[in-house]
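Across the two complexes that follow, chain A remains constant while its partner is chain B and subsequently chain C.
And then the complex of A and B:
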């Protein structure tokens, strides 16, 4: 079950990389976060950790519903172009994504020898880290960059959840407040973008 | 043996119903009055009654090609994984054979399009070859990776093995293969993001452009071939990615299998309603995604074993 959700996590991130629509990107980000929340819930039920369950619920509420909704509203308010153009040609991303995946999968082999955990969790979270960096790099608009940043945070969260059986509750709440701050900053950025236009 | 033959007959008989069902579901979703599920059969009988006219410009190929389009697909139907436990099945046919047979059928379809000596036919053939060249690697990779997960390169045997031992430990790569195969199912059967079978507009046609000149019996054969192609893909999807229901007795297993086919058809219809037709030069992006997922499935299975 966990493998299945991790697979969906990576699949939604790859779909986000290839989409050319703004709302599609938000939708795939929301799916990505939903999978993450379900994963946290699943692991929390497995190891009977109340804090993990709470984190899962908060993840679904904030990241899967709240942030995409706010971003959609904001981009609607500021009239952003609904087509997002990638700086890299699609053909090159089709080559880049498998290269990144193969590289990170082999990269995870020595890491797994050091910390005793399931190899695929580490590998998929590191590869999603690289994929979100690619998402930030290949777009020049502000919204995809933000989504890339948020996806980066998601993949770090995935690494924390799966590799170490959950970070301390305090750290996770801290990260959530960080995110909320980030959304405030993003709002300012949007205003600036608006003034440029 | 009797169950094996019954399976083949069932697949061939249900093929036109499935395509009519997709169309009816789409019409319901568009708030139109749906067509009957028997519409495929009605069209078939109507076309059989009609006069067959062949253009003077064509050579003998037009007379032979429709049969050569249909026959590789009919052969493929015999090689599909079993749908009832204990039934006879062909175990040694692998991904390359099935892909090869389907491309053989596509090859004759392209020849047929070129032979019609109209501008439309050549255009349709060139587009079809463009799409099928991109579909093939992804299809081979996908079926290959699922067969590896099932511990047998034969597709029929893989279907049986998957039911006996569901690959729980390979869930991630199994999922990627499933996504890739669903995109292929849509692309190869000319459903909406790639091709629109319902229009006769020169900008959107791929499949229809090649068969624009055909009438009567030949058109009936080609339409049967396209419905059988859909049923082959749907049945492969049902056996390889929804592996359950083989352990029941024959009638229940048949009902479960038919239900699976209808679930797939519903998924295709919903997907069609929610997407717009892609530009022809954007299609490599969609199929590139399929190739990425197929490759990802294989590499996840090999490197991580997940």
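And then the complex of A and C:
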């Protein structure tokens, strides 16, 4: 089950990379967060960790539902262009994704040998991290960059969940708080005219 | 109790920032001043002093960093009083600036006092996010663009730090459990970490994140561009306070990494910082405005602080850190006068100051400019003497003595390029160009006097003794 969810986590991130519609991007981010939340719930049940269960529920509520909803509202408010154009041509992106996946699996071999629990998941977390960076880089519009940043945060969360069987509860709640703060700042930064950086 | 005392002024500032009364700005400034009192009180406690269990612990290092940061905060507050005389700023933007300044302080207090990698990161992220809006208080397209750039690059840098923290935590969790997040326990059990390689990878990634935040190679210009486009007090806050929070994280992480494998840490940091200074020295040589000049010089000094620290001279690093934290905001605040209404010309920038205020300003800016290039009796002169001495000692004990001495000489050549450029700029400011009449206001002048007094206080025997006993 955990393998299946982690596969869907990666798949939703790859789908986000190829989407050319704003709402599509928000949907795939929401799916990505949902898989992360379900994964935390799954691991939490397996190791009987209540903090992990709580983290899973909060992830689903904030990241899978709350943040996409807020961003969709903002896109209505400021009339964002629904079409998002990638700076990297589709055919190159198609080649880049498997290259990143293979490269990160080799890159993480020495680390994987040292982490005995969920070792392959660590490699997938690092791949997701690189894919999120690619999402940030390939777009010049602000919203895809924000989604890239949020996906980056999801990848780190996945790494924390898989490499360490969950970070301390205090830290995870703090990260959620910072994420909410980021959304507040993003909201304040939106300006009707200049949406390209 | 102490945590409440530390947080109350910032919370008060946050609440007052919502008042629309004209007199609110005095209350905002007052709250910034009051922050100093609990910090001074912290010095009276026996260290380490637990502020919040094992999560927030005051030791000699973080109390010093906090004191320096609070003095910089007061200086910036003084300059804010007269900011509207030099740049166009609306009362609403002014209040919002303070609102985010308050959040910034809360983040900093947690970050600097933390004995916990996770809390350190949370505080740093909070401080980073709050500065994003401070950049935006300048309502120009350039500031808007740079606020977004800061948001994205800053977020990537902070994410790298979190990535490193997770790996370091994973490396020590088998022996320490959830307590593997605590700096003191990690330091105590550094030699027992079952996967030192994993720890070192984590440390390297976190360090790259911190270096990116400080504008090190390969991100040398992003910070300079941001400081150029935002109001000058924001640049002062970045150089005097935010970078302090970043560098204290580096101090904490590197103390543990030194125990794990000193040679790997030293070589990694040594090469990285020399590469940074190599690029920055040429960028400084080509700098055409004060903001970029001071910003790039800030990167150079942060690189030196890091280098002195890993070379085994925490005294030199901390002295350099304190001097830089006072000098750089002072110079950034001076740009408010030097570049009045956004007009900047280096030639003749130090001419045309009349009256008592003008003469004091001229004296102080000249003093700061010459002190930043380490002319004696600047504290930087002494810190560099100690720092380079430590580097030579490390080189003597290394297997690659000649290579390292060569690298130190190369570093000195790069520093002399920067020295030459600053002297040349100073002469141009003083003796070339047209003398234009400029007005100096009491707010910025008091701020500069505060920084000058703080610099002198840094050289007092008691302060030097304190710095020698920090580690």
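Throughout what follows, the second predicted complex is superposed on the first by the 191 of 197 C-alpha atoms of A that agree within 3 Å, B and C clash if a C-alpha of one lies under 4 Å from a C-alpha of the other, contacts with A are read in each partner's own complex, and residues count from 1 in each chain.
As a working rule, a contact is a pair of C-beta atoms (placed from the backbone, for glycine too) under 8 Å apart; a residue touches a chain by one contact, two chains touch by 3 or more.
A quick note: this is a predicted structure, and the numbers were derived from the prediction, not measured.
Asks: Based on the superposed arrangement, let me know which partner A:189 touches: chain B (first), chain C (second), both, or neither?
Replies: The second partner, chain C, only.
Asks: Looking at A:97 after the superposition, I want to know if it touches chain B, chain C, both of them or none. Which is it: first, second, both, neither?
Replies: first
Asks: With both complexes superposed on chain A, which partner does A:149 reach: first (chain B), second (chain C), both or neither?
Replies: In the superposition, A:149 contacts chain C only.
Asks: Chain A residues in contact: does chain B have more, or chain C?
Replies: After superposition, C is the partner touching more of chain A.
Asks: After lining up the shared chain so the two structures overlap, which partner does A:110 touch, if you call chain B first and chain C second: first, second, both or neither?
Replies: The answer is second: A:110 touches chain C but not chain B.
Asks: Touch check for A:14: first (chain B), second (chain C), both, or neither?
Replies: A:14 sits against chain B, while chain C stays out of touch.
Asks: Same chain A residues contacting chain B and chain C, which ones?
Replies: The overlap between the chain B and chain C interfaces on chain A is empty, containing no residue.
Asks: Note which residues of chain A are touching chain C in the complex, please.
Replies: Listed in rising order, the residues are 110-111, 114-115, 129, 133, 136, 142, 145, 149, 152-153, 156, 159-160, 163-164, 167-168, 170-171, 174-175, 177-178, 181-182, 185-186, 188-189, 191, 194, 197.
Asks: Can you list the chain B residues touching chain A in their complex?
Replies: Going by the criterion above, the answer is residues 168-176, 179, 284-285, 288-289, 291-293, 295-296, 299-300, 303-306.
Asks: Would you tell me which residues of chain A are touching chain B in their complex?
Replies: On the chain A side, the touching residues are 1, 3-4, 6-8, 10-11, 14-15, 18, 90-91, 94, 97-98, 101-102, 105-106, 108-109, 118-120, 123-124.
Asks: Using the touch definition up top, name the residues of chain C that touch chain A in the complex.
Replies: Within the complex, chain C touches chain A at residues 55, 103, 116, 118-119, 121-122, 125-126, 129-130, 132-133, 136, 141, 144-145, 147-149, 151-152, 155-156, 159, 162-163, 166-167, 169-171, 173, 178, 181, 194-195, 197-198, 201.
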